[in-house]
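Can you read through this structure? Questions will come right after.
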Amino acid sequence: MFYREAGQFKTSYKADQALMPILQDRVGLLVILAVAFVVIPVFANDFFLTSIMIPFLVFSLAAIGLNVLTGFCGQLSLGTGAFMGVGAYAAYKLTSIFPDANVILMVLLSGVFSAAIGAVFGLPSLRIKGLYLAVTTLAAQFFLEWCFIRIPWLYNYNASGAIEIPHREAFGVVVSGAEATPIVRYFIVLGITALIAYLMANVLRGRIGRSWMMIRDMDIAAELMGIRPLQTKLMAFAVSSYICGVAGAMMVFFWLNAAEPSSYSISLSFQILFMVILGGLGSLSGAFMGAAFIWILPVFLKFIPGTIGINVAAETVEHITFMVVGALIIFFLIVEPHGFARLWQIAKQKLRVWPFPY
Amino acid sequence: MVGSASASPRGEDTFPKILLHNAKVLGTRTAFREKDFGIWQSWTWSEVCEEIRAFSIGLKSLGIEAGDKVAIVGSNRPRLYWSMVAAQAVGAVPVPVYSDSVAEEMAYVLGHAEVKFAVVEDQEQVDKLLSMSEEVPTLKDVIYDEMRGLRDYDHTHLHSYESLQNKGRELQAQNSSLPREWEEGFAGGKGDDVAVMLYTSGTTGRPKGVMLSFDNLAVSARNANVFDHLDETEEVLAYLPMAWIGDHVFSLAQAFTAGYCVNCPESMDTIDVDRREIAPTYFFAPPRVFEMLLTHIMVQMEDAGKTKRAMFDYFMKIARKVGEKILNGEDVDAKDRILYRLGELLVYGPLKNRMGLTRMKVGYTAGEAIGPEIFRFYRSLGLNLKQLYGQTEASVYITLQPDGEIFGDTVGKPAPDVELKIADNGEVMYRSPGVFVGYFKNDEATEKTKTADGWVHTGDAGIIAENGHLKIIDRAKDVGKLNDGALFAPKYIENKLKFFPNIKEAVAFGHERDMVGVFLNIDLTAVGSWAERNNVNYASYQELAAHPDVYSMVESHVDQVNRDLSREPMMAGAQIRRFLILHKELDADDGELTRTQKVRRSFIADRYAPLIEALYDGSKTKHVRTEVTFEDGRKGAIEATVEIRDMEPHVPGKDYQEAAE
Amino acid sequence: MNAFATDMTAAPDGVSETAHREELLRVDNVSLSFGGVKAITDISFDILKGEIRAIIGPNGAGKTSMLNVINGFYHPQEGTITWRGKERRKMKPYEAASQGIARTFQNVALFKGMTTLDNIMSGRSLKMHRSFFWQVIWRGPAEREEIEHRRKVEDIIDFLEIQAIRKTPVGRLPYGLQKRVELGRALAMEPDLLLLDEPMAGMNLEEKEDMSRFILDVNQEFGTTIALIEHDMGVVMDLSDRVVVLDYGKKIADGPPEEVQANQNVIDAYLGVSH
Amino acid sequence: MLYDIFIDPFVQMYDMPDFFLQVLWEGFVAGILYALIALGFVLIFKASGVFNFAQGIMVVFAGLTLVGLNENGVPAYLALALTIAAMGILAYGVERVVMRPLVNQPDIILLMATIGLTYFLIGFGEFVFGGEPKQMITEELGLPTGSTAFEFGERGLVILQHIDIAAAVIAVLMVAALGIFFNKTRIGRALRAVADDHQAALSVGISLNQIWAIVWFAAGLVALATGIMWGARSDVSFALEIVAFKALPVLILGGFTSIPGAIVGGLIIGFGEKIGELYWGGLVGGGIESWLAYIIALIFLLFRPQGLFGERIIERV
């Protein structure tokens, strides 16, 4: 209905292959970016930034990371939490070793370490497929978690066993540590997430993205067309882990301020996996939608009893949240197993062909 | 005789000259687009000029001479359009041919036109031309656009478009004065030189080659551009056969004179998508295209959900009520206006978007009569769809509906510079700058069609209404006269009768008789459902047809037709005086209809001679026995007593005011 | 007769002469078994450059296994394969692909989640080299490379006349079109040897005719050598230069189509005479 | 260093055989429990192809229901009966609400749905019975407590918990019962038929939906037994959930569809884990139990991707 595509024609491949060939989509994206970069910073309070937007963006990025591996390359992973942890610990060590370096750079660099480790754990993917691969990534999850506990060097021999993010400045502004303002953190997280999302969109529309999808859709045919399975899968593991690592580092640096090994436990892996599945496998925008759903919904649920004047113990709310989230996950899987991205796609298609049904 | 004198400003007189002019003035504007290899490949006017020059010079190197005929065979492609102008630039005459016509017909046309060169689309056409070497002995060289499948053919007299163009470019590179020489070559060309030859597939006899001069085309095109305010910003979709005058004028003559952009679709399968992508601002389609689009819409809406359909139906009702009025700039009350706006957002806008007509400024339909319902549907959406009446011999334009003066049953007012008159026998005649030079190698036909003082017989009978609009009533040869000299147009009367859902077929008699009498067939479905609602019992068509109530109902319809006829000065004399409802349905199996469901008047007249006799001898009833063929092939006979009713004619010209609305 | 026509009647150069042609691939005494079950027993034949070679035989004759051996998906226990004069060692499928062997599959093996365009683009994978770095940046080299290959792919789309489905996800296409897209994907690899596994299975007559024309055009326009498995004998007779017949994993005949058709062993095999 | 890795542990085993025996027993018991959880997975996977991640939580949920009911004054055996009924309702509910609408969806979607189910059950269990760990009502159920010490060698001592012995016995009985069920009863045979061929199962006259409900119920019973045993050893809490992940390596070893495989796999993991932890874990700071099982399975997978009892996969195109 709002998609009026008549008169939009492409005179070059460049325009035809643009990320968003439809004018209305471009306008929509601009609106979203304007909201994210202008409206929210102007109007949002600290609570909204700290408790909703920052974690939402961090999780979105992590979901993009996992989506690269699972959604685009078809390799199931249950180790996302640990890969995020690698990023967090790596960034922590980097900034400890180079206290004067720009911490944003360190965060971006930390992903390299998780990429390397991700690639190592991706090695078995050559021979192992599907659920069996989940075991590999579970091994990574538990092994790495164990490392976070058992290797005191990783947390600078803190008595608490946790990493605590020091005060760091970048470009003359406090960006991490307790004094960093939410708005600064928000902009950093938003900037990094938006940038990586854009760069990934580039990768996914090109040769490499295609080779991942070839492996996902039909690995044998892919191989017969000259795709080297191991290389391709390892690259997906590495890229995915890089993104997860950066997300993990952002999680502790710009959101939590401190993290224990349990912050990066298997339940985080599952949380991200849910975001990806509900958002839609193989869709970048789905990652954002999934993250919003899984993160923001419980936050809202927590506030519902208070706002409607019922006094319920925080614990009970927690329990109910679990139930509701679980039930909603099943509900949405039944309604649309391909996630919100597919729902949006269907809705968009309907709008494009409106008033016709197809 | 009516006419219009608003001549448009004249510019360059031949297309090669116009091309140079456009390249200079509109150089950077896009002139042609073709969806090819997934994107709209585009050429600006200056690029087009270069392309045409290179090809034209290449053609010359093949030894083409002024006056040579160049066949153009294929679907709408920029290169084929360019070939025409390239040929004109060296004084040759392009002859676009229907690419899908059967080999035999094509061979006749090419042979008759004595074509020396042919520019064709692909292997299919090359093969076709190869197969007709006997019939077209003049053919020397063939140039093709698409290489596929032709690699292994002997290329002595076969050339690819590209290779010729490259040759042209090489020659230009070797001799820098060549471009100037090329331009000088056509600088002396005159407006009354033959620009193109288009073969019309007349209903009878062999196709005739209509020679049109540059003046014919350019002046007509300029007039049309002025009439509809078309300029270089228009976009058109070139998808109708290139051999058809309409396409030649819309996609070449008007495009060159106005400087607008011509878009060629990717293939016949993708036209809908291509149209949507381009969203033409000036669009022409024969009625069947509009019919198809509408059917498509309705079929798709059938599958839509209940709410959506209800919404669609509701807003279509609004559109029917006020859409056309709003389009014509009439007064509509505020509530309807708001509802129409809402409908525009929810239904009309999206519909136009899906059809790719969002940007349409002017749309035309012609060729045959468009169903009034269909016509109104598009107009009610806010689309400025109009009808025109034209012919190859007139360089299309004879009459056009001006904006705001749209009447479903007329084809508009004379186009600028066109004079119009109705001959004594009712035939429409015109005189205009677009009138063709003559038929190629057929002076006899030329003389028969075109009078010495330039009037052309259209072959159609029509009348000019009081408001100056032309109304086509029938083929001229079918129009007869009553004994009192009144004009009798059977098809016109029959169509008016058939407009009533209850009447399925009508056969009117009256030529060289005292009055008009009609045979009718009722529509079993429509009348059957009427019968059901009114508790009329019947066992067969025959019984229902003879039912007095049915007769009364039909009588009221006939009376209505008579009233309509009485309002039209030229037709008022041919009102229906007597009618009968046939005791059996006219059937193609009995030879009464053609296989395409057209009535065979003379056959029916013979077969039902007793009834005709009764129609004119004043009897009230007549018993007849008719042989029939049943569906299983058995033969039998139907016997019946058929009632004949008299009708009271209306006074001519009464209620004319009413009709003008 | 006019000048144009007289000069045009010369036929394209003879296609049927295979004798002097260069050998592209040879299979010598190849045997393949799965856990003791013999799929192929001691088969030898060759494929000449530029020919259309048909492999036929009743169901379960080992035809598809033979193709799998040729493109490195299965590794025969015995026998050798000589590709372009070089005896080749164990070869991975992607290596076969990079050496110019492409194929289509009996049960269409398209990438279901992608559009027609992307599927055919995927055939260009081996020819695209821009690194991850450039891919990420996109603007510049990666985009240029993508466009360059898109042009080639559009040629194929044009060739196969599938413009109308360019951006349709392949999962939604009817079977016949999917097969055509798959052929397009294989063509995008610009292979020297094209293996077609029952390219016309499940097609109606019209689709078969189209496909036959495409196969012939591919062979003639691009000079691609083709080895195809097909059940429709009419098609095989029309298309192929030479036919090899397998039955129960063994070769029972090899030669020009007419000769093979008359061969008693072949007739027996197709009539199901027991062994 | 090399000595510590390759020699010392074996020396220790030889020097302290009683300790080694004790470790073996510990491994055996852990293995039995892994095997029981894996058994629950296998039952469901075999009949419906669903990898039921919620099996672990079903163990907790069953234990929690049992204890919770007892805490609220329901006599132990009645509580047991009610819990069994609860598992039945759960099975029926899962079949109606989750399985039926999601039939024919890809594996990963079904997997996700069971994870959703896990969340739901966690929330529901905690909501009803509270989140704090509970004591298993071992005695009330008439299960043995206490332990017996066997002297071994000269100064060696091996201590066997009675509950562990009971667990082993119950596990064996359970496997036997399932064996009889699958081989001797009509429904059991139908279940096996389903695993092979859905059409065939329909011809037996049992609907797929019924079968799914039955296997989920059977898996629920296995979960209940597991819950009681495990609860008796530690306590009933959601921490147990993590143990359920161990089922995955067990299944990898044993194959997803093999009941004997589940038992053998469970035992291998149990033994391997305990021995690894106690003899090698110290070298890297201990706690390797948490991941050793996966590494064992992983190494195993690299050499035999189809599992212990699986058939070799021939890839076709």
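Note that the chains are named A, B, C and D in the order they appear, and that numbering of residues resets to 1 at the start of each chain.
Assume contacts are C-beta pairs under 8 Å (C-beta built on N, C-alpha and C of every residue); 3 or more make two chains touch, one makes a residue touch a chain.
The model shown is predicted, which means the values in this text are computed figures rather than measured ones.
*Asks:* Between A-C and A-B, which chain pair is linked by the larger number of C-beta contacts?
*Replies:* When the contacts at A-C and A-B are counted, A-C has more.
*Asks:* Counting only C-alpha atoms to place each centre, which chain is farthest from subunit B?
*Replies:* Of all chains, D has its centre farthest from that of subunit B.
*Asks:* Take the average of all CA coordinates in subunit A, do the same for subunit C, and state the distance between these two points in whole angstrom.
*Replies:* Chain centroid spacing, subunit A to subunit C, equals 42 Å.
*Asks:* Can you work out the whole-Å distance between the CA centroids of subunit A and subunit B?
*Replies:* Each chain's C-alpha centroid was found; their separation is 60 Å.
*Asks:* Centre to centre, by mean C-alpha position, how many angstrom separate subunit C and subunit D?
*Replies:* So the centroids are 50 Å from each other.
*Asks:* Where the centres are mean C-alpha positions, what is the separation of subunit A from subunit D, in Å?
*Replies:* The separation of the two C-alpha centroids amounts to 32 Å.
*Asks:* Indicate the residues of subunit A shared as contacts by at least two other chains.
*Replies:* 13, 220-221, 224
*Asks:* Mind pulling the residue numbers of subunit C that touch at least two other chains?
*Replies:* Only 73, 105, 109, 150-151 qualify.
*Asks:* Hey, what residues on subunit B touch two or more of the other chains?
*Replies:* 38
*Asks:* Write out the stretch or stretches of subunit A touching subunit D in their complex.
*Replies:* Listed in rising order, the residues are 76, 124, 127-128, 130-132, 134-136, 138-139, 142-143, 145-146, 149-150, 220-221, 224, 266, 270, 273-274, 277, 281, 315-316, 318-330, 333-334, 337.
*Asks:* Would you mind writing out the residues of subunit B in touch with subunit A in their complex?
*Replies:* 33, 38-42, 276-279, 297, 300-301, 303-305, 308, 311-312, 345-347, 349-359
*Asks:* Quick one: in the complex, what on subunit C touches subunit B?
*Replies:* 1-13, 117, 150-151, 154-155, 157-159, 161, 163-164, 166, 217, 220-221
*Asks:* Once bound in the complex, which stretches of subunit A touch subunit C?
*Replies:* It comes out as residues 13-14, 17, 199, 202-203, 205-211, 213-214, 216-218, 220-229, 235, 239, 282.
*Asks:* Using the touch definition up top, name the residues of subunit C that touch subunit A in the complex.
*Replies:* 71, 73, 92-94, 96-98, 102-103, 105, 109-114, 118, 121-126, 128, 130, 132, 135-138, 142-143, 145-147, 150-151, 185, 189
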